[in-house]
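Both of the next two complexes hold subunit A, though its partner changes from subunit B to subunit C.
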Partner chain A sequence: MVTSATRGAGPFVAPAAILSLLVALVPIAFILYFSTMEGTSVEPFRTILKSSLFHRAMTTTVVVAFWASIISLVLGYIVALHLARQTARRRAALMVLVLLPFWTSILVKSYAFTIILGREGIINSFLSWLTGAQVALPLIFNRFGVMVGMTNYLTPLIVFPVLASLLAIDPALYRAAEVMGAKPIRIFLTITLPLSAPGVLAGVLSVAVMALGFFIVPALLGGRQDLMLANLVDFYTREVLDWNIASAVGVTLFALVGIFAIPATLIRRTKGRIAS
Partner chain B sequence: MIRSRNRSVTDRRSFLKVTTGAAAALLAAPNINTSRAASSELVLVTWGGNYRQGIEDGLVKPFTKETGIRVTVLDTPDMAKVKAQITTNNVQWDVFDAPGSMGASGAFHGYWEELPSGLFDDNDLLLPKQKYLVPFYTFAGGIAYDPARYPEGKHPKTFANYFNVGAFPGRRTLRSRAMETLELALLGDGVAPADLYPLDVERAFRVLEKIRPSVAKWVEATPQTVTLLQTGETDFSYTYANRIQASNRDQSTNLGFSFDQTLNGVEYLAVLKNAPNRENALKFLSFAMKPEYQASCMEAKGGAPISRKAYPLLSKDSLKWLPNMESKNNAFINDEWWAGNLEPLERRFKEWLLS
Partner chain C sequence: MTSGKSHIIKDWRKRCLQILGTGLAFGVYLFLLAPSLIVTPVSFGSKYELKFPPASYSLDLYRIFFSTEAWTQPLLLSLRVALSTTVIATFIAVPAAYGLVRFNFLGKKFLLALIMSPLVIPSVVFALGIYLYFSTLRLGGTTLGLIVAHTMFVIPYALVIISAGVQKLDPNLEFGAMLMGAGRLRMLMTVVLPQLYPSIAAGALFAFLISFDEVVISWFLAGPNTTTLSVKMFSAIQWEISPVIAAVSTILTAVSLVVCLINVALQKGGEQSS
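Let's look at the complex of A and B:
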């Protein structure tokens, strides 16, 4: 199945591939070059491995990216399920609603979340009005605020690949299952979930990769401990002007992305082979 | 079949010709640019928003009118871009609007042109011209509050008050960087402004350790020092007089700012090393320090002039937002001290924040 789809694709893929090679690989090569002190030493890597600042930022990055991906998956899957059941016209309209926050600048949204989640923000004022007591839940400048800001951005990226997988499922399968007397939960677990797995995988992969590189959301909505690797790269690039260290952190971040991306690609490939 | 393949080959050839030509043109473009720009142009890098508007109205327009030099104004001074331009020997910026830390770091790394003598009226300047930098204006950091919620007597007015959580309970902000924050901690602990430098770093961190639970947000982006106060997210905020002035004027807020004690930072002008329009850049620096344009520029964007003769030219309303430069309570950030200490202290500060 996979091979027949790939055969003869070369000429069509080539221009895009060459472009990405030029605009992505060349800078990455430079970053590698810088991170090794122009190819002479691994001192920058030794320095960051000894730095507790780096260790903490690394842990935060992995933990935050993991949870942001899981939460976005759950939220995005529910939305995609709902969209899959609509008529084509309604679906198109609802898809615009999904995309609307995606088109808004992340900087603007981060400031807007201060107004919604703040100590005297919409949620806390509503709860205060409801209970008649002063409610000031700490929803912002902590890990929770970071999660809200990130999942708001990432959820649409789950919705679209999952929706594509869901729409590709042959409706006859559902009818057959119903005729055989399967309950909705069983239909979901034995048909919908496994057949939407490629979309889930593609979505989670891209979301996890993006989540690893978040920068402005932790800076604006996070607490003092929510420093991620991208913030650390910025710190070394612009404030300290130590580009060897900045590159070493960047290479590590890139390797981290690889750790997520490579197994997912392998799984997909074996899956494709089984299916064919 | 064969014919079509042939055609595709010639197509590819002509395509290659066109694209290599275009690529060559693109590669050559920066050089064409600089040689043309040498005549009557200037590139100024400054901050965005209202600030940029003030610079354009108060300084750039009169400069172009008098000299005929066309000024391209770009947003956001960024030291990483300065380093990139200078290390790749492809300098495109001329004048750089540098806050103290950037100015000192650029001088430390040798990114600025040396400023010849005779550009400025040295007796008129409140702060002396340095080898690579000329002080452009000063900005006052201090305590802001909402007088509707915290009337007179209920809000901190000095840094000692700000660090006294017992007497003035409430949520506060501090910046997420060592520079300024270490100074504030020492001033808050009772160090006299005259005895501030060299900073007693250990003492500063001990003071910060104590205030930490009351700091709601260690602010990274400067506008947030004001928005957090506007939305009631914090009770008091460490911010800048010109930011509060702009907020009250443009967003019709009614926030207060205490001038009882301020920590003043210096903003500098610098010329990039090997700037393509060096002569025009020096002309611009000289122009920017003249009393009348110091006044018109600060009137438009806020900030305290360095030119003594500019003060009588300012409106009453602008003077209200300037600190008293002679007051013993007010401290000045020592950028030269920071130049050698910035990196290790910023790193230590970030580590401390995470712990």
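Let's look at the complex of A and C:
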């Protein structure tokens, strides 16, 4: 290995350092500053703690993020398991089916789901045609719509880490287990599942971090009762025009995300990859 | 005899599970692709109603999109912002990637955490912070403000891709060049940069797409004259479910498809070289 130099990094990292100090650190300082009324009081936090709107948004955020992460994990695991069993060539081809949704704008997805799930949307029209009666299932502007939109966005993010850990499993283990007479389900439970745990954990934590901060999907596919903390930040900033309260909600959301982000970074660090 | 029979049953059972797994997987693929698959035919449909599958096909929606100023202005702004962001972010991320991979220095971890923070901080929190900050600087509602905020937002993505490229470089080539008398700048320009072009191109491409698709920060910073295409689309979906959005969505999906194919090509290239 080549020893890394300890001097001379300055010119390389200076622009990035200046930018991130000015445009990442200062904005965070601004939120903290506003949330504490210029550092003088915790009144904004006291106000939101008393607000039933905040309580409901907080509960919604945690519950929705939890279930969206779990459902995405199940869906993502199914796909990763399928991809892991393909030849490298076929896997590369099938990967497009995961990468295209991964790169698709969240607005496109939300819009498409309004067409699919709407009152006169594809699913309801199809069911009406099938049954011959007017079917108008409420699939959108409620918790269900939010879940569909979020899992659609988050599932690809589970596939990548889980696939990586599935591919790292030594195929000899499977052969040995099979020779010893283990049934497929037993092989899955005793080899595949435990050995893919690092990927699962990394995937679920990073997905949970994203899910907690969701803004677009609840705004477009959720109803009034599905406001999440991110929507509350927007609501206080634009409708109520109370920057102190908006910042206090933002700080709370940030802290909530921190609970999941810290273990996620620790896991990544133990993998020993820089900036990955 | 009996062992042979049990073997067949086992094989049969395994086969069933495999078919079940494949079926489920294709169900999920379909779910993931459904939005793109639905939006495309709708965008070639009628301008009067949203229908799937459309009763007749035409290019009406695209014609409306490209001839309505309320859509073309945001499109041009998005392109301008995304291009500027890409150029600035690349010029910052390339040296930063090299510096962070090749050097060890005090505060490196802190700096890395700070640069990568937009990946972890919820965009709404980041957006609110920048909104409050830029309001005091009178940068709110300006194109410059959008470009600065987007640059910070896309740098983590560009940095991840470009530093992966730097990590694959052989440092001995760099030592060799310097040993032969090349100055540091000459070594960087003639040895490091040419090898990095594919990663830089990929990083720049992703930076462009992320800036172009970004909604939340742009939503907070948007002024009357600085509505990006994504912000326009966001409010259009909320207030008027116009079929024109299907055309915009299809254009965005096409851009995503290009980026995704390049992503696949790069992954293949990476596998071959390692």
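Observations on the structure shown:
In the analysis below, the second predicted complex is superposed on the first by the 234 of 276 C-alpha atoms of A that agree within 3 Å, B and C clash if a C-alpha of one lies under 4 Å from a C-alpha of the other, contacts with A are read in each partner's own complex, and residues count from 1 in each chain.
Simple rule for what comes next: a residue touches a chain if its C-beta (ideal position, glycine included) is under 8 Å from a C-beta of that chain, and two chains touch if they have at least 3 such contacts.
All values reported here derive from a predicted model rather than from experimental measurement.
Using the contact criterion defined above for the overlaid structures, shared-chain residue A:17 touches subunit C, although it does not reach subunit B. Of the two partner chains, subunit B is the only one that A:53 touches; subunit C does not reach it.
In the superposition on chain A, contact of A:235 is made with subunit B only, not with subunit C.
Residue contacts after overlaying the shared chain place A:9 against subunit C, while subunit B stays out of touching range.
With both complexes placed on chain A, subunit A has more residues touched by C than by the other of subunit B and subunit C.
By the document's definition of touching, neither partner reaches A:175: not subunit B, not subunit C.
Once the two complexes are laid over each other on the shared chain, residue contacts for A:219 go to subunit B and to subunit C alike.
Shared-chain residue A:111: touches subunit B and subunit C both.
Comparing the two complexes, residues 111, 114-115, 219-220, 237, 243 of subunit A contact subunit B in one case and subunit C in the other. For subunit A in complex with subunit B, the touching residues are 52-53, 56-57, 111, 114-115, 118-121, 140-141, 219-220, 223-225, 227, 235, 237-243. If you check the complex, the residues on subunit C that touch subunit A are 10, 13-14, 17-18, 21-22, 24-25, 28-29, 31-36, 38-39, 42, 50, 52, 91-93, 95-105, 108, 111-112, 114-118, 120-126, 128-133, 148-149, 151-152, 155, 159-160, 163-164, 167, 171-172, 175, 209, 213, 215-216, 219-220, 230, 233-234, 237-238, 241, 245-246, 249, 252-253, 256-257, 259-261, 263-264, 267-268, 271. Partner subunit C is touched in their complex by these residues of subunit A: 2, 4-9, 11-13, 15-17, 19-21, 23-31, 34, 75, 78-79, 81-83, 85, 88, 92, 94-116, 122, 152, 155-156, 183-185, 209, 212-213, 215-216, 219-220, 230, 233-234, 237, 243, 246-247, 250-251, 253-254, 257, 261, 265, 274-276. Chain contact summary for the complex, subunit B toward subunit A: residues 78-80, 83, 105, 109, 171, 176-177, 215-218, 220-221, 224, 227-228, 231-233, 342-343, 346-347, 350-351, 353-354.
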